[in-house]
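Each of the next two complexes has chain A plus one other chain: chain B in the first, chain C in the second.
Moving on, here comes the complex of A and B:
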């Protein structure tokens, strides 16, 4: 005796047409989003990358066309690129180091209860709310001996022989934007690390105290492991942001004096919009992208090991 | 020998007076249970013994040493937290041996002592696991194991079983009792569960609203509660309280006392009889709970609270039936107008 089998989902998947429909259907629903992402991210990315293999110089409008790896060969031989790369390294490392440790210190202080803590927490966030443009100008003035106090203080402390503008000194100029950037970036670390600190259960510290931990031991063995995943992700984000963050440098030194403070992203900006050499600017951008991608992958791998158990 | 002496200990959180003049002595090797309703200050007292909460006034003495100003790590104690407080980023083995790690003991000693503790608690196979991969009961064991590895003078337990389900709670209760027999260490245990208090304690401290209501052995507190609070707190179902002028009460003059305001009788000390003149109290059955081992009657005798009777075995008496209750004189508790027990009656 034959019986009609009850239909169940997936029935008829065996037939080719049905099977095709079943495979395509989800993508059909996703297609608006996919098309939008492709339009705003992928297309510009591909066009931008393709510039690196062409000659597009607005000051030389008749010499266009594909040039293969010529731009990359130029990059390899470019003294300014290597100088900018070194500057990028010190700019990023210097800013990040002080932002992180001062931010961590601030977060630890703000984690202790005291009168007026809410107000202080709000004030700490303030530098983050100031536009980079304004803080860059402010710091440039602060470093200027004619209107700013900092050179006079440094001279009074004996650190500087006489009040000078460090932004005019090729040896020291990069430290000007770094100081401004540290001031600007501390709140980010303070706020994110404070949030992470507050999520650590208090009874773990009590258990550790009973187990015999000193203050330093409970910091190293409880606080740091709990903060580690947050530290990894914030340090990674900040590294990428800082490496790309040319605003302060552009405003305070314009890359000078004598290119001594150019980082790659400010070099890209000047190459593209001052010298109008879009092809070479794109080549520089690809170099920076590759370096940052490698860095991000390294940090994400590290983070996997850090989050164990938490 | 005395392990812990508390001398008029007070605790204030700002204007709130949480603990009022607590004076207690715990003997070495004794299992003391602090019990009371939530908010009575028992956990605060335990945390003060641990050194996690400063003492506002009074002396806390371990052996002969005043420990008021000592850090927790200097007090030679171990504590099992209600939340277990396991270190989530360390595996079981490291959790167990963390106190030794902090003291920078040799790896061999650490291995020895952690595996000894793991052996006692049956954790041998879980040493590599992280706390998130453990069940509630296993976490509880690790928390206890951590305390065992510490090998302290005093064990402190802060409601350690309240996060477990009923069956596991009984199992772990037995395990804690065995642990105490085995180690013989002084243990102070905080709970709001009177069954845990009755089963585990050598001595129970009943607390209420920041004060000690009574201290004694479990059976002592059961048989001779000092006041209405202790009488009502220990025992399940609760002791019945009947006002001296309750119309349903029919006590012979030999059992009454002129200063008694309240008569108390435990549900398990009541004999069910015919509702005639010989009954000490008469009422109708409102609700019946048949547990198999016992039958519990909730009797309406005209007061707001039902009168509870517990008889052994299965009793088929139905709802709505009128029954009488009889008590033995020695089971009757008398309380004066201040709620204090009248003891002459018991002795005489």
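Moving on, here comes the complex of A and C:
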């Protein structure tokens, strides 16, 4: 691929200045973004990655230096890491599943006009604007049987024997942050999927109806394929964000009880700030990064097929 | 499509919509409820839906007895600054992605994706060192620079989507008429992307408004604290001043909500455009 494309303006006229401009121009537009990202993210990222191959433990300041893959061997043998990995999986899957399907449901509901639609749109999108710190504290309050209503409702409905705090129960604790995260994240999927829904040509549905297709059939044959590319990209972005999103967990449970809600990114947080072991925190982060990269590549490949299929 | 709305279907629809609205609003209602409950009733009437007594004391003391207004002002500066600069930088980058083919494009896009994939914690120590070297610790400018860098990748994908949606012929026609590319961008393309710009501005504003980690790490003087850090000061080691914190939280939701409602119409179009093409 050469940089001079046939469509480039001024190319045919052969004026060297114009041609030079054409070559340089995209980098001019990109340079602020590149410089900023390189300086503030990529350079620190390289430094951060290098920590994983060193011993940097602020509690043992004299035992520093390069240690090769020792941190990764430690990671392999670390039972907490595997536990956190399993938790990360369930946290991400649970949050994503409900955010996605509830978001899709909301988008389908909002796709048809009804009285008061604008107001409803404004209201249901509000949770996305609440800072995670505040919503974490608020949900922790709601789940607390002494001062919050949810355990009492669950008990009244017979789901719970007596009002208990699910955040204190290792079997159920992860559901607390997941509920908070679902609450927070539904608007994202609702917004993106609603917009995609509105761009589907109406006449396709009419044609399908004339051919005798049921509502379910036209949903599967028209709606789903049209949404597929958007779904692939939003699911990918959200998965990455959720897997990295430790705020709610850190505030609501701090990873407890008994590490039952510790995901990798909250484990990184405690490793760095409680145990001050930045080298191992970096090692954990690299493990997460590699997993997410593999996942993103898989999704992008799938998306390519989906887009081709339409 | 569905046979002409029979009442049961319509009733079910409204019921489902009402459930969504209830689920979205109840926690926000709870926040406000705690804020207007007198301190002595906060725990005793904790599980009650409606407090037996109502007070605005928490709001008054937050506004006049704490540094809340300073935090609020700092957050305003940082969020508006971040929204402005991010949108500027991301617009230029998104334009380049949308209109040019050039060497290294795939690599740059891949690097931008990677910036989303690791916990920020991993690089907070190196960033701290860099900012210290640039003498930008404990400064709102430093915070704006860091926020801008972290928001540029997503904003770029968003803006690229918008530019992709605008036909190339428009600016090519302008350039044939003697405009330079930049003039064409400014006079022809810019007005067309206004909705996209609004969406990006709003999105980045809310993100910067609620960011806690960097603000906590890079700012240490009271005079420079942003709102989420200030909110944390209501949580001491021994107790949480719930009433005041929730009052501050409620007040802080206002600009976010206003911004959100303002950009509502544009946001819908913006996100998908970015998501589909990104």
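Everything that follows uses one rule, which is that the second predicted complex is superposed on the first by the 269 of 310 C-alpha atoms of A that agree within 3 Å, B and C clash if a C-alpha of one lies under 4 Å from a C-alpha of the other, contacts with A are read in each partner's own complex, and residues count from 1 in each chain.
Keep this in mind: a contact is a pair of C-beta atoms (placed from the backbone, for glycine too) under 8 Å apart; a residue touches a chain by one contact, two chains touch by 3 or more.
Bear in mind that the values here come from a model prediction, so they are computed numbers and not experimental data.
**Student:** Are chain B and chain C a fit on chain A, or do they clash, once the structures share the same frame?
**Tutor:** Overlaying the two complexes on chain A (C-alpha atoms) leaves chain C and chain B fitting together cleanly.
**Student:** Can A:209 be said to touch chain B (first), chain C (second), both, or neither?
**Tutor:** Both partners, chain B and chain C.
**Student:** Tell me which touches more residues of chain A here: chain C or chain B.
**Tutor:** C
**Student:** Determine, under the contact definition given at the top, whether A:125 touches first (chain B), second (chain C), both, or neither.
**Tutor:** After superposition on chain A, A:125 lies in contact with chain C alone.
**Student:** Using the superposition on chain A described above, determine whether A:17 touches chain B (first), chain C (second), both, or neither.
**Tutor:** A:17 sits against neither chain B nor chain C.
**Student:** Examine A:25 and indicate which partner it touches, taking first as chain B and second as chain C; both and neither are also allowed.
**Tutor:** After superposition on chain A, A:25 lies in contact with chain C alone.
**Student:** A:233 contacts which: chain B (first), chain C (second), both, neither?
**Tutor:** A:233: touches chain C, not chain B.
**Student:** Rounded to whole Å, what minimum CA distance do you find between chain B and chain C in the overlaid structures?
**Tutor:** Superposed model gives a least chain B-chain C C-alpha distance of 7 Å.
**Student:** Could you tell me which stretches of chain A are touched by chain B in one complex and by chain C in the other?
**Tutor:** On chain A, the overlap between the chain B and chain C contacts is residues 206, 209.
**Student:** Can you list the residues on chain B that touch chain A in the complex?
**Tutor:** Touching chain A from chain B are residues 50-52, 71-73, 77-79, 81, 83, 85, 87-91, 98-99, 101-103, 130-132, 146, 150.
**Student:** Which residues of chain A touch chain B in their complex?
**Tutor:** Per the touch definition, chain A meets chain B at residues 201, 203-204, 206-214, 217, 221-222, 225-226, 308-310.
**Student:** In their complex, what parts of chain A are in touch with chain C?
**Tutor:** 1, 3, 5, 9, 25-27, 29-30, 32-34, 36-37, 39-45, 47-48, 51, 102, 105-106, 109, 114, 120-135, 137-139, 141-142, 144-149, 152, 183, 186-188, 191-192, 194-196, 198-199, 205-206, 209, 215, 218, 229-230, 233-234, 237, 240-241, 244, 246-247, 265, 268-269, 272, 278, 281-282, 285-286, 288-289, 292-293, 296
**Student:** For the complex, give me every residue of chain C touching chain A.
**Tutor:** 1-2, 13-14, 16-17, 20-21, 23-25, 27-28, 30-31, 34, 42-43, 46-47, 49, 88-90, 92-93, 95-97, 99-103, 108, 111-119, 121-127, 130, 145-146, 148-150, 152-153, 156, 172, 175, 181, 206, 209-210, 212, 228, 231-232, 235, 240, 242, 245-246, 249, 252-253, 256-257, 259-261, 264, 267-269, 271-273, 275-276, 278
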